[in-house]
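Look for chain A in each of the two complexes below; its partner is chain B in the first and chain C in the second.
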Partner chain A sequence: MKRIIPTAIAVAVGIVTLLGYFIDRGEFKVPQLVLLNWATTLAAVALLVGIVNLLRVHAAKVGASNVNSFYSLLLLLTFFGVVGVGFWLGPAGAPARWVFRYLIAPTEAAVGALLFFFLVFAGYRLLRVPRSPWWAAPVFVVVALIVLIGLAPLTIPGTEALGGIHNWIVQVPAAAGARGILLGVALGVIATGLRVLLAADRPYGD
Partner chain B sequence: MSTDALWRISTDGPLGLAVVLLFAALMAGFALFARRARKGTTPRPPAFRPIEAYSRLPRAIGEAVETGRRLHISLGSGSVGASDTASILAGLTIVEIVAQAASASDKPPVVTAGDGTASILAQDALRRVYTRQNLIERYDPNAGRLAGATPLSFAAGAMMTVPDETTAANLVTGSFGTEIALITEAGARAGITQIAGAGDPTAQALAYAGADHPLVGEELYVAGAYLRSFPAHVGSVRAQDAMRVLIVVAIVVLAIARALGLGTP
Partner chain C sequence: MSLVDLSGLIVSLVLTLMVFSYLLGENPLSRPLYRIALHVFIGAAAGYTVVLIGWYVIWPRLVVPLRDLALSGVPSASLIISAVPLILSLSLLFKLLRSSLSQVGNMSIAFVVGVGAAAAVGGAVTGTLFPQVRAGAAASAFPLADLPRLADLSSGAFERLVDAGVFLIGTLSALLYFFFSAQRAPAGPARPAAMTVVATIGTVFINVAYAALYAGAVAASLALLADRVAFLREAIGKLSFQ
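Coming up: the complex of A and B.
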């Protein structure tokens, strides 16, 4: 019974939601919307559970006092600081907006900006480490360089022809390859969803 | 029916439902064949084209167990219930397989997620494995954890997990965007084996550049068939191949019809 009830709920909810997506009639759409609203509420509760878990993990790291304990301590302090500001002065108040605009947004932007440097290192490593087939990595790096130069706002003398090559790469082989990959991903996504709907996969319960 | 009319067919109507039902019927049929092949007098393992990442994974697990280090599995920053659900479920299949193989280790795998529901599902997957193996006393709820609630804060949290938990391999398999490059960079700096795959094509390109063994296209979704030969997973791989052939035939026929000017006004 411990297995049957969650499986029956998952299969029934999945089928009702799927039918609401494919059949545009009120008797299918209304239950779908109700279930999606329930899912949104449950996801919010799950986020709270996840945050408690995050705090427990970092509290344990502070207690263990390893090399990176300082960052865990910083996370706990900033978490309670930001939550405190939100609770006492209101989530839409000026202090909360200041925290988001001048602390959280710039910090995330800075982490995002690191991506460029990491990608350059990744490209370099790609050429150093042999990978099968041997020509794939050099082709990947050369194409990435041509596309980058083609996207540059300033024209680099002697690279005018690369603009045409860039357009051809983006419109023909890259578009064809991306569509092939997306087709494969779509089939994989449908198969994964169907396995849950047919109760062949049960990522819940025992 | 003209080719123009064919291009206008919407996949979110009854035709879409018919395609899904055909897919389900093919999956069920192939799964039945796979089950028979598995239980027959001379069981035959399914023959698939080799995928380097899955060929390398058992060795990575063995190395982690032998050296007393952890495996880090990252499910990504996507949310369960949104369009990323399938990628997260595919990552959870890998979590179960890896946790089962590494359950003998003193250092069980650690799973990071960027969504509350995904972190709970990860904890549940780990608990299920330890319960099945009568090792529930080894289960640590903190082994499945929320690393951050936004893509970049999640990436920052997952990056720190690699050095903090003395990991032997980084399995970055789930729903990712460009932040996948940050996590694979942390693994590259630690010099550990990395397997990476995502549903998003941009993330796949970054995984190709950053990981030792990238999973491209639908390879992320076939772990159960490759690593455990689960009949339902084997059936779904065969059904995917059958549907792919049907789609290719449809594309070729429609392209020829278009080139010949059939159906155009």
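Coming up: the complex of A and C.
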């Protein structure tokens, strides 16, 4: 019984939602919108549950008082500080905007900037580690270099001819490959979704 | 510059330098600095998310409708419909318990999974499959009226035919690469010979697509790096004039 009820809920709400996509009538659209609205709210609450779990893990680390306790304590203090100032005047208030402008956005941008070094190092390692097929890594690096030179805001002397090659690569073979990948992903999503809706997969039980 | 902006500038500058200390590698100075910046960032981002959820989701969608309905005394059916997301949300909180009671939250998870799977299928069909097939067909199309002009290289008809052909072959071969069914063979399961050739061609196009995406990611992260370096120069300049 404890598995039948969640399965029945998932299949029922899934079919009602799916019908709303393909039958353009009010009887199907209205329930679909209500269910999507509820699911959005629940997804937000699920995120909240995840954050509570994060706090619980870090509170346990603070209690353990080892070398990582200080970092966890810092995380908890920052969290409660931001929640305090955020609820005080709301997300549009000056304190919350200060937190976003001077704390969250710059750190996020700095971590994103580090990605440049990781990506370049990964590209370098791709050439060093032998892979099958042998031509894949050299083709990858040459195409990436041509596209990068094409993306440069200034024309690098001696590379003018690469502009046309860059445009052709991006608009024809890369777009064709990306479209094939997107179609494959869409077919995979449909197959996985239908397995959930037919109760062949039940990723909601303990 | 106001005191609020000045303090913000100092916090941003210090956090950016602490994150960049990761580039110094594993050493007793840079490792704690980077970890401090990251933990502060995670705490602030989680706190900001909680504020947004509380302010824009829980209060207006769960609390206000129920309060208004209870105060106005409207028919009980509306009250029940408004109460459903609240009941499901409360049952989701049972997932935090480390006991058999946590199974109460499975109903809410099943609800989200069911609606999410249907939204994914509907979105994939109407938002990806049909538009991509339509766009792919348009890019692979070659007008028959251009056929007589193929010999005239200056007309561009030949280039369009080559592009359309490459596009069609690239899209189909990249898609067929994901066809993983195999036949039994003495040396182990193997794809049919024709499918192996098509999959190899597909690998080339997938490789080129990933290389273009990689170059885009490198360019985007380089732009972020340039922005951060410009910020550091500007911030240090402003602080030195204070």
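Miscellaneous remarks
The working rule: the second predicted complex is superposed on the first by the 194 of 206 C-alpha atoms of A that agree within 3 Å, B and C clash if a C-alpha of one lies under 4 Å from a C-alpha of the other, contacts with A are read in each partner's own complex, and residues count from 1 in each chain.
To be clear about the criterion, contacts are C-beta pairs under 8 Å (C-beta built on N, C-alpha and C of every residue); 3 or more make two chains touch, one makes a residue touch a chain.
Owing to the predicted nature of the structure, the values given are computational and were not obtained by experimental measurement.
Shared-chain residue A:V57: touches chain B; no touch with chain C. Applying the stated contact rule after C-alpha superposition, one finds that A:R125 touches chain B and leaves chain C untouched. When both complexes are overlaid on chain A, the residue A:L35 reaches chain C alone and has no touch with chain B.
Here chain B and chain C are compared by how many residues of chain A each touches, and C touches more.
Looking at the shared chain after the overlay, A:G164 reaches neither chain B nor chain C.
Of the two partner chains placed by the overlay, neither chain B nor chain C lies in contact with A:P138.
Residues 18, 21-22, 39-40, 42-43, 45-49, 51, 53-54, 56, 71, 108, 111-112, 114-115, 119, 123, 140, 178, 180-185, 187-190, 192-194, 196-197, 203-206 of chain A lie in contact with chain B in one complex and with chain C in the other. The part of chain A that touches chain B in the complex is made up of residues 18-19, 21-24, 39-40, 42-43, 45-51, 53-54, 56-57, 60-61, 66-68, 71, 108, 111-112, 114-115, 118-119, 121-123, 125-126, 129, 132, 140, 178, 180-185, 187-198, 200-201, 203-206.
Taken in their complex, chain C has these residues touching chain A: 4, 7-9, 11-12, 15-16, 19-20, 22-23, 35-58, 61-62, 81, 84-85, 88-89, 92-93, 95-96, 102-103, 106-126, 128-129, 132-133, 135-136, 139, 163, 166-175, 177-178, 200, 202-219, 221-222, 224-225, 227-228, 231.
Against chain A, the residues of chain B that register as touching in their complex are 12-14, 16-17, 20, 23-24, 27-28, 31, 52, 79-81, 85-87, 89-90, 92-93, 113, 115-117, 119-121, 123-125, 128, 131, 141-142, 144-150, 152-153, 155-157, 160, 163-164, 178-179, 181-182, 184-185, 188, 199, 201, 204, 206, 208-210, 212, 216-218, 220-222, 224, 230, 232-233, 236-237, 239-240, 243-244, 247. On the side of chain A, the complex with chain C involves touching residues 2, 5-7, 9-18, 20-22, 34-49, 51-56, 71-72, 74-83, 86-87, 90-91, 94, 96, 98-104, 106-117, 119-120, 123, 133, 136, 139-141, 143-145, 147-148, 151, 168-190, 192-194, 196-197, 203-206.
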